[in-house]
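What follows is a pair of complexes built around chain A, which joins chain B in one and chain C in the other.
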Partner chain A sequence: MLSNTNCGWVDGPEELFDPLQFAVDLEMTDKSSDNGVRDVNSLKNDDRVFISKGLITKANGSSYVELGLTKITCSIYGPHETTTDESYSKCLLDTSIKFSPFSRPKRIDPLRITYENSNEMDDTEEAELCSMLEECLLPCILLHKYPKSQIDIIIDIIQEDNEANLLSAIVLSTTVALIDACIELYDTVVAKSLKIDSNLLTVCYMPNLAQVSSLFFDGELTTNELDKYVDECIKQCHILHKAICKVIIDDLKNKDQESKQTKIA
Partner chain B sequence: MSSYYCVPGDRLCPADSARPGPGTYEKQGCIFASIAGSIKLNLSENELGAVSHNKNTSNNEKPIITVVREEHQLAVPTVGLLAYCKITHVSPRFVRCNMFAINNQPLKSICHGMIKREAIDSNNKDTVECSQKFRPDDIVIARIISLGDSNSYLLSTAEPELGVVAARTSTGETLVPVACCKMRCPKTNIIESRKVAKIQNDFIEETER
Partner chain C sequence: MPLDTHSELLKSIDINEFYKLCITSTSKRPDSRSYLDCRPLKCLPNILQNSNGSSMIRLGNTRVICSIKCQLAKPSLKSPSCGYIQPLVLLPRTQAYTSFGRRTQIINNNAVLSQTLLDIILKSNMLHLDDLCIEQGKWVWCVSCDLFCINNDGNLLDCCLLAIVHALKQTTLYTVKIDSDTGKPLVYTKEKLKLKLYDEPLCCTMFVYDNELIVDPTLNEEQVATTLIHVVLLKNDQICLLNKTGGTIFPTEKFQQCYGLAKQYIHSQRQILEKANDSKTVE
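Up next, the complex of A and B:
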């Protein structure tokens, strides 16, 4: 029998914490924009946001985000030296998204994801989310500052509530983790998804530059309707952006105060 | 002293009132923050001199705006910076090494480097023998001259200030530098040849910057 230390396994964390102590409660109840469009999100829970960062100490940057009931952790490793031959004047992004086996009411087989019901998730969904995430992150990272390096983004979906929140929560957690990892960004990207009947619209938005980094739309809508919903998404993105700013600036202030106190002591 | 904090994308100031430093970028005539941290304004080095000499360009009089985060500074190998490395392999044409720190900042993960035979010494380039300049496990300061190929960065020690800073004999005794190309074992007095770094004050300042 092999001992645990020999095969590189970790027995578990050395210390245990109450998970609630990491949660920053930000109830984002927006009462000003009650113009009927918000009816599409009938659940009030969909707007609740919890953001916290720096949970995974081994990673360069990490975050934990709850959007509604969707719970996601993101960890960033790197930038580190890449071994691939592809363009090394710029940085490479390597994203991996994993659904936990218990993230959905029906158990997901972590090794082989196959479903008889075609409406359910198929094995390409994780890869599809990865490519969507890369598409909306690439415009906002200063890739030329990290030549010949690679940034690994590892995302764990702990619980999925509804598909409208999923991509939005993934983008949110990745942004917070990238900021935590001190990787240079053009802007803080936030994403908001709206589900209109069977149509799913996701807008990834950079609030300070007022640019849409990417837009995903699945379904049928008239151009006027689409305009209206995109505007609504952008409005919601501003609220999420404020939440991110609050968490990060509070965290910076706390750390500064701690360092001052230790200097005095 | 209270400090101002920012998140990536915050507009700091118009581009004509300051110069962008680390942690910031310039776009559309404005300077934006690119990392989260506290905002610092540094007066440029020529600031004091520029007041008396009006000849200096206005560019020198602008302060540099930077965003700093104390606990989290990432070192990225960039052309022109100094790297601390440990020699891993010596062959007749080149020397391989592992970089473990850049400009006095430790790297999170080691990077592979290579010093070609022509880049070892500025004198007598053609007669250089790699094995007479470096041995495996020597600690070397070198300058990154190119990003190199997919495997390794290209380094150079062709400056008097660059080269071996710490080395041991095969028996594990610490060598003492005696000349620009010689190191002596303090116990046996055996002379071993190395490309020794000449540590100078201005060089120490450069690594501390």
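Up next, the complex of A and C:
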């Protein structure tokens, strides 16, 4: 952390105050959603998906995903030789998720963004997201195909809209980036979260194998209700899966056409 | 990465040789631009919901997001009626994973770019720090400009400056009144004021290769180049910053040529920027 201090400003202010904490014409009840207008929009926007791939030129695979108003980039390095000698028979996954300074209504101090490619984690939320992502990816990657190597997954959250979308968008972007990096997969993993009152249910699903790779749930529900909501999630996952397929197939078609054109030329 | 052709193989082995071959055989650059062509530029305003103003700049493969966040702060004792402006560049974290950068080097680059931008903003008088004052000695605005590079494919300074100018144009500040009894600020979130900009400095980056001036370098070209030249011009075509990195010897007459090129290049940048602004207001 010490070497980061040279990013700081010598003449900078000692303390910064969020102007919203002094607001006088803001109702306290809808502080999180700007005067209620956004609520109507966000319902519509929740279904909007935008996927593009290959925008980070130096990475082996990369993707940019917008899910509702959540915006995420993911880039993949590897498989390359591992620096640790923990594992020889299988591939290691190294995930790193960071919130950008402007991803949330409150500005995150950018000095906390480190450039370390080790497992140094100082934010519990980021660490939790990392472990959740690893859990849902491990069943789908053919790890035994890449012995003595590791795959780095680097995710930057440009904008976070609501927590229900976040993990879903992260999984979506990682899957697209893994495909872009030509890493062998059993299936494409897609995730969908549902927010029922204060309960949060996330299902990571592999549509072709019809298997659930991981499921996170916190809250209180009866088993019947849970069944119902899991079915609902899976239904949504199929829609996301179609979106991924469309992007990948379109991309392949474009590449095919380009290569044909260059051959003619 | 598949290496199908001979030229791709050469590119990954010896970038200098590859570039030389490309220039001498076709007298065009590897991405089939001529010497004075720049990459397609695209400016998108207001892409973030949590900022006071934001923009995204795409110059070829280089992508930069700028977010302006205005917060309240106490002024320094030295200048009680001046606000703060703090540009901060964050190079992609992904760069630390390639051979292109070590961690310390990236942090250093961040600091250098940030300081250069601050110098340009202050010297060009594009925004008066007095305008950011709410009450002298008590409260001022602190404008933090976070520049987040999604992908670095060269010519970052041009992109960062474009992004800052474009984002500051969108920036609105809340109206603030000071409660005379308690001295606390009262923020009216529904009354917004546009930040006033007095000038628009824009940058043109060139490099010298084989005594030839070439504009808008990519990341590979920045490695190959012997000398990089930055020219920052104001609205009235006056020079705000001129920087030539070391390397080759350079006759003074060539600066005239640089200035002419920069003028042309920045003029087209300004047109695109204005168009991006207009299309937004029509909506």
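Basically, the second predicted complex is superposed on the first by the 210 of 265 C-alpha atoms of A that agree within 3 Å, B and C clash if a C-alpha of one lies under 4 Å from a C-alpha of the other, contacts with A are read in each partner's own complex, and residues count from 1 in each chain.
Keep this in mind: contacts are C-beta pairs under 8 Å (C-beta built on N, C-alpha and C of every residue); 3 or more make two chains touch, one makes a residue touch a chain.
Quantities reported herein were computed from a predicted structural model and do not represent experimental measurements.
In the superposition on chain A, contact of A:Met206 is made with chain B only, not with chain C. In the superposition on chain A, A:Ser198 contacts neither chain B nor chain C. Within the superposed three-chain model, A:Thr73 lies in touch with chain C and out of touch with chain B [touch as defined at top]. Counting the residues of chain A touched by each of chain B and chain C gives the higher count for C. Contacts of A:Asn224 after superposition on the shared chain: neither chain B nor chain C is touched. Of the two partner chains placed by the overlay, only chain B lies in contact with A:Thr84; chain C stays clear of it.
Applying the stated contact rule after C-alpha superposition, one finds that A:Asn60 touches each of chain B and chain C.
In the overlay built on the shared chain, the residue A:Thr262 is in contact with neither chain B nor chain C.
Shared contact residues on chain A (touching chain B in one structure, chain C in the other): 60. Contact residues on chain C toward chain A in their complex (touch as defined above): 1, 48-51, 54, 61, 63, 65, 67, 69-76, 84, 86, 88, 90, 92-98, 100, 103-104, 106-108, 110-111, 114, 142, 144, 146, 148, 150-153, 174, 176, 184-190, 219.
Against chain B, the residues of chain A that register as touching in their complex are 60, 78-85, 88-89, 142, 145-149, 179, 181-188, 206-209, 244-245, 248-249, 252-253, 255-256, 259. Considering their complex, residues 3-4, 6-7, 9, 11-20, 22-26, 55-60, 64, 69, 73, 75, 77, 96, 98, 100-105, 107, 110, 113-117, 152, 154, 156, 158-159, 161 of chain A touch chain C. Those residues of chain B that touch chain A in the shared complex are 3, 5, 7-11, 23, 25, 27, 32, 34-38, 69-74, 76-78, 108-112, 147, 150-151, 153.
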